[in-house]
Amino acid sequence: MNGELILFFVLAAVAIGAALGMLFSRNAVYSALFLILNFATVAVFFLLLGAPFIAMAQVTVYAGAIMVLFLFVIMLLGAEQIQHQARRGWQRPLAMLLTLALLAESAYLIFTRSDLLTVLEPAASDYGNPQAIGMLLFTEYLLPFEVTSILLLAAMVGAIVLVKEDRKKSGGQK
Amino acid sequence: MIPISYYFALSAILFSLGALGVLIRRNAIIIFMSVELMLNAANLLFVAFARANGALSGQVLVFFVIAVAAAEVAVGLALIVIIFRNRQSIDIDEMSSLKG
Amino acid sequence: MDAFALVPWIVFFPLIGLVINLAVGRRMGERFSSIVGTLAVLSAFVVAVLQFLSLQSHPHGAIVHLADWINIGSLQIPWAFNVDTLSVTMMLVISGVGTLIHIYAAGYMHYDVRYKEDPGSFTRFFIYLNLFIAAMMILVSGNSYLMLFVGWEGVGLCSFLLIGFWYSRNPDGTKGLLNSQAAKKAFVANRVGDFGFLLAMFLTFWAFGSLSFDQVLPNAANVDPRIIMAITLCMLIGVTGKSAQLPLYVWLPDAMAGPTPVSALIHAATMVTAGVYLVVRSAPLFGAVPEAGNIVAIVGGVTALFAATIAVAQSDIKKVLAYSTISQLGFMVAAVGMGAYVAGMFHLVTHAFFKALLFLGSGSVILALERAHHPLDGHHDDHHDEHHDDHHAPFDPQDMRNMGGLRKQIPATYRVYLIGALALAGLPPLAGFFSKDEILTDALHANMLVWGLLTAAAFLTAFYMGRQIWLVFFGEARTKAAKEAVESPRTMLIPLGILAALSIFGGLINVPVLHPFTDWLEHTLGHDFAHATVFNFGVAIFSTVLALIAIYVSWRLYGRKPLAAGEVDPLKKRLGFVFTGMENKWWVDELYDAVIIQPYRRLAAFLADVVDWRFWHDWVHDSVIARGFGAFARFLAEPVDMGVIDGISKGLAALAKGLGRGFSLLQSGYVRNYALMVFFGVVLMIGYLVFSS
Amino acid sequence: MEFLLQPLNLLTFFPVLGVLVLLFLGKRDGLSRWVALATSLLTFGVSLWVLGMFNAENPNLQLNFAYDWIQAAGWNIRYSMGIDGLSILLVLLTTFLSPIAILSTWHAVEERVRDFMIFFLLLEMGMLGVFLAQDLFLFYIFWEFTLVPMYFLIGIWGGAQRMYAAIKFFLYTMAGSILMLLAILWLGINQGTFHLPDLIAMGGIPPEVQFWLFLAFAAAFAIKVPMWPLHSWLPDAHVQAPTAGSVILAGVLLKMGTYGFLRFNLPLFPQAAVQLAPAMATLAVIGIVYGAIVSYSQKDVKKLVAYSSISHLGFVMLGLFALNAQGIEGAILQMVNHGISTGALFLIVGFIYERRHTREFSEFGGLWKVMPVYAVLALIVSLSSMGLPGLNGFVGEFTILLGAWGAGEGGALGSVWFTVFAALGVILAAVYMLYMFQKMFLGPVTVKANEALKDLTWREIAVMVPLLVLIFWIGLYPKPFFALMHPAVEQLVTLLQAAAIH
């Protein structure tokens, strides 16, 4: 068992633990913090897999920007908790069951498909560095890249329009 | 050194946990976070397979997923804010106007 | 050196006058408007004279191409002018008489607009007159039937506008719709004629491949006579409309609603002769099918006599002249129908002189009475409407029964009017004598029936003109206004004098033996259609004696013992119901109203209200289709859906209930339930993919 | 970018540019009007630019381009546009009338101005697309698209019964279009392409199939024209629509029907066209006479004008189915003429409606005295509409009737009686037009409210002047207009003659 494998298991444990933590925290703030932890671990996985650019993006965009947004909203709304009230009793067991089924399917896949047992070789030195990604983004994937920018713009405008209070209405209603 | 199946297993676990979160939690924000978790699990698998195949396209796709996720979060959270404003709650079970 | 290239200016000059008056006329005042209007026509007259002079050296004229108009494949119609002896004759008459009438109108309208309390309309009048001259010039100078048609409808429009000039009044001066009604009637009657003209043009084009005179007329011999027959008969419909022949003449008497200069210019001298011009222009076509010519001649002859009988019994001074015009147009149409094209044109020219004279003279008489009846000066000038109508409405200045003895009050008018009347009656050596005599002589050779009709009409003509003279100018004044009648101003008398001179000497243009007019037209019509008529002393003496007898009879009736105020027409005692028929114009208007107008109105109302709206729009669409669809939908909803399908489901009640409950549980409206189902689907699909491979 | 720089695409979608600007403007009424006016004027400019590039000698499609569009499942749908002599005048008419109609709304539309302008510009786009599309599928999309803005224009800014009229308009037109859609699908699937020039070049549709396809297309177009007896939606739509809507409805939308016959029915199904020409001409002639008679009995000015449209478009249809050069060229010109004259008539009605808020004849009379400029303009427009020589209406009617007569014995129609009865319409036109003019303008002023009416303002005169210029221009010198369409029509007539011999 080499060091890399040990690192993998430790990180995997942390990731799964963080995920579980997110799932079962009563307080949404804790959930968010757990999720950040999870994202950070995944970023390390990306580094391990020779994707430093994606790892950085993961940290800055996901763990940074997006999760901060989540925290903002949670605190803004003051909606950390909602009272526990099991209304649909069979929803929870059924969900567990289905999740287990999905896991079982994955396990079956892992144990039957031999090609999944490939061991990852050390990558070439320039594999996955920002330069290579950039080349790819600005040549082959130029159009999707530009479309993404429009998508982001649209989302931004949409979010602003949605949240903006109608001046006339708010005067009358509230 | 590390077989790809390990990553596959990890990804599958994370994805299942995300799905479970969507199904059992009632707090809309947490459901939302669970969705992000599922996306992340998928991302992990993408990168892993990209590495296995020595192709960068997988990474580029992850990049796009992150961008789309950002957009989705922006709009989704905005929706949650409006819903909260109108109903003073983000309990997903409070919203059942789709009932047939 | 010829001036043919100038010919478009006979149209442009009036148009320029029109545009100037339209732009600034109203601001610059009456004097300016009338001078511009008159100068425009005078300039056109000068151009016409130049054409005339040029024709002396180049008698065959020219075709002047101005611009392309309609070009589609074989259909090639340019804006092109045709200068030849025939068209130049018409141009001279139109612009010459037109100029005189413009001068006259400057004086006449000055008063008329004040009596009608709308001084601003003065300029409008000259705009219309110039427009009319332009349209008339297009009519006579165009080189194709289509261009002729442009003028033909154009003058119809001007006629509409000028008849309805006092559009807010009735002919007797009160407020009402009748003038505009008369205008509409004229336009529609003309349109009926134009319908025939249009068909004639379609036939012509598809038979000859062209509408230009220079391509149609020379080829008349190469075309199936039956087609030419159809063409000429369709044209005849047009002629009866424009030249007021039976059965479409009814608009012309009503057209007297227009101001008197209009009656003189349009409804006596120029526009109504357009039909005659059309037939003369198409001489080769009419010449090719004598039967058509005969029909034309008979229509003309019957019209001449028919209208003359009506003229005898009219009491309105202008109505007498109107029916006289119809009658005289009948003479011309009969002449050209018989092939006496020159005689017809000759009569057209002389008639333009003396009938214009008579109309203008009658205008002078009417104005004289009107001015005496309510003088314009002093406080009378700004009457209010009600006041005005209270005092003056019953008085009709056009009614001959309100006149009498005017010879002393308005001697100048009397003299010229007498000249005109004698010329119309056909006494030698006045203009009317020569032209009418030529027609009668030709008729004697061509068609005895027509000759008889025309001779009778000529007798009646002399009679009703005599009657008019006695009634208007002799005897004692029958009203206060007639006693105080005022002579018209010089602007009106000068044109009257010139026209009187023309009525006296006009006959010289085709004096027997020399017949210069025949030679002149021969350049255009060719020898076949323009041969000199040998002067026939028998006819001349016979018609003269007849006219003298008629005048004597009229003197016996109206002159020897003048009509007293309020007395019944002496002829009525003698003729009884015949006179009543004449007086009421043989009830033709009433007949048309009952047979055509009212049924059309009812048909329109029926189609519009009942068929289109209540049946088609409301019943079919709203009741049958819309309500039918509604019923169908209900049928599907209630008996089919509730009955049949429900029946089946009742049979399977248990199953349905179970399923229903199950599904309704699924449709909980809770997002997480839906997510669960989606997830379930995903697991299933992945399972399939995993285990199937 | 290349896509938008195609002149015809630029022309078609230029109004959308204005819509985008309007969307960002907010509810500023004055500015919205100016933006819409400027957009429509610029669109007119673009159309003039297209005219500049148009080669009148060339009978074929010009400035045309085609992109593959929907190629799935063996369907060969292309995004294809082009312009030729058959459509250029209608395109120009559309871009010409739009600014005029917008200018006429200056004071007539006071509520939701921006929305009105947006719908109007979208409508303009749709109409241009209809005239330019050369692929059946694309054509159908534009064809149906025009319904939507018109529906709203009538339904929101219309008169008292607007919803009824709008829904009737929508349903009526939709019903016809469905048959056309079926025919289009049949053609596209059986002939392997939806591309019109290819379909025409291919030919080879069996005559008995042509017959049914012709009828299916005709169902859509005849409703739009509208041909008698499918005209029932027209009076409702016209009477309820706002003035600008009526102008465009009469001026351009109805022409889409006649244009459809010209563009699709004649060249695609020549044999059926020859076979059905007498039937179509019969309906056309009935429409002419019926429309004219019914007009005479109306009590509402706008309804009179609406019914007169039925009569006028009867002439157009008669000309088209004369199937010879004179008839078809006359018909195309008459489409333009009707757009101008009837558009102007609706404006005339609109002017008085804005002042008096009524359109009943009994409320008027003697207006000449009160509003002389208005009366003169109305007179000229009425005369143009009833076909006075020297004005535009005559040139069209005369050539149509001449062509129809030529198609009489031995021609497509087989009898000259069509023309004789159609020419009766010329008389009847005078009857109802003069009736209208007399009732409104002549006679004494009988209603007190009319005594103080203001004559036209400069803006209103400015709206009318371009129309009057065209009325005289086409009447006196129509050569440039005929020159534009002649080669294309010749080519179509050759095709039809070949079919007639067949």
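Here the chain labels run A, B, C and D in written order, and each chain numbers its own residues starting at 1.
Just so we're on the same page, a residue touches a chain if its C-beta (ideal position, glycine included) is under 8 Å from a C-beta of that chain, and two chains touch if they have at least 3 such contacts.
Keep in mind it's a predicted model, so treat the numbers as computed, not measured.
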item	value
Closest chain to the centre of mass proxy, which here is the mean CA position	D
Inter-centroid spacing, chain D versus chain B (mean Cα positions, whole Å)	56
Chain centre separation in whole Å, for chain C relative to chain A (CA means)	92
Distance from the mean Cα position of chain B to that of chain A, given in whole angstrom	6
Averaged-CA centre spacing for the pair chain C and chain B, given as whole angstrom	88
Touching two or more other chains - residues of chain B	19, 23-24, 26, 93
Set of chain C residues in contact with two or more other chains	668, 670, 672, 676, 679
Interchain contacts, given as pairs of chains that touch	A-B, A-C, B-C, C-D
Of chain B, residues touching chain A in the complex	1-10, 12-21, 23-27, 29-30, 32-34, 36-37, 40, 43-44, 47-48, 50-52, 54, 56-57, 59-60, 62-64, 66-75, 77-82, 84, 89-91, 93
In the complex with chain B, residue positions of chain A that touch it	2, 4-5, 8, 12, 15-16, 19-20, 22-23, 28, 31-32, 35, 38-39, 42, 45-46, 48-51, 53-54, 57-58, 61-62, 65-66, 69-70, 73-74, 76-77, 79, 82, 87-88, 91-92, 95-96, 98-99, 102-103, 106-107, 109-110, 116-120, 122-124, 127-128, 132-133, 136-137, 141, 144, 148, 151-152, 154-156, 158-159, 162-163
Chain C - residues contacting chain A, complex	668, 670, 672-673, 676, 679-680, 682-683, 686-687, 690-691
Residues of chain A defined as touching chain C within the complex	88, 91, 94-95, 98, 101-102, 105, 108-109
In the complex, chain C residues that touch chain D	67-73, 75, 79, 118, 146, 149-150, 152-154, 157, 160, 164, 167-169, 175-177, 179-181, 183-184, 187-188, 191-192, 194-195, 198-199, 201-203, 205-206, 600-601, 603-605, 607-609, 612, 616-617, 620-621
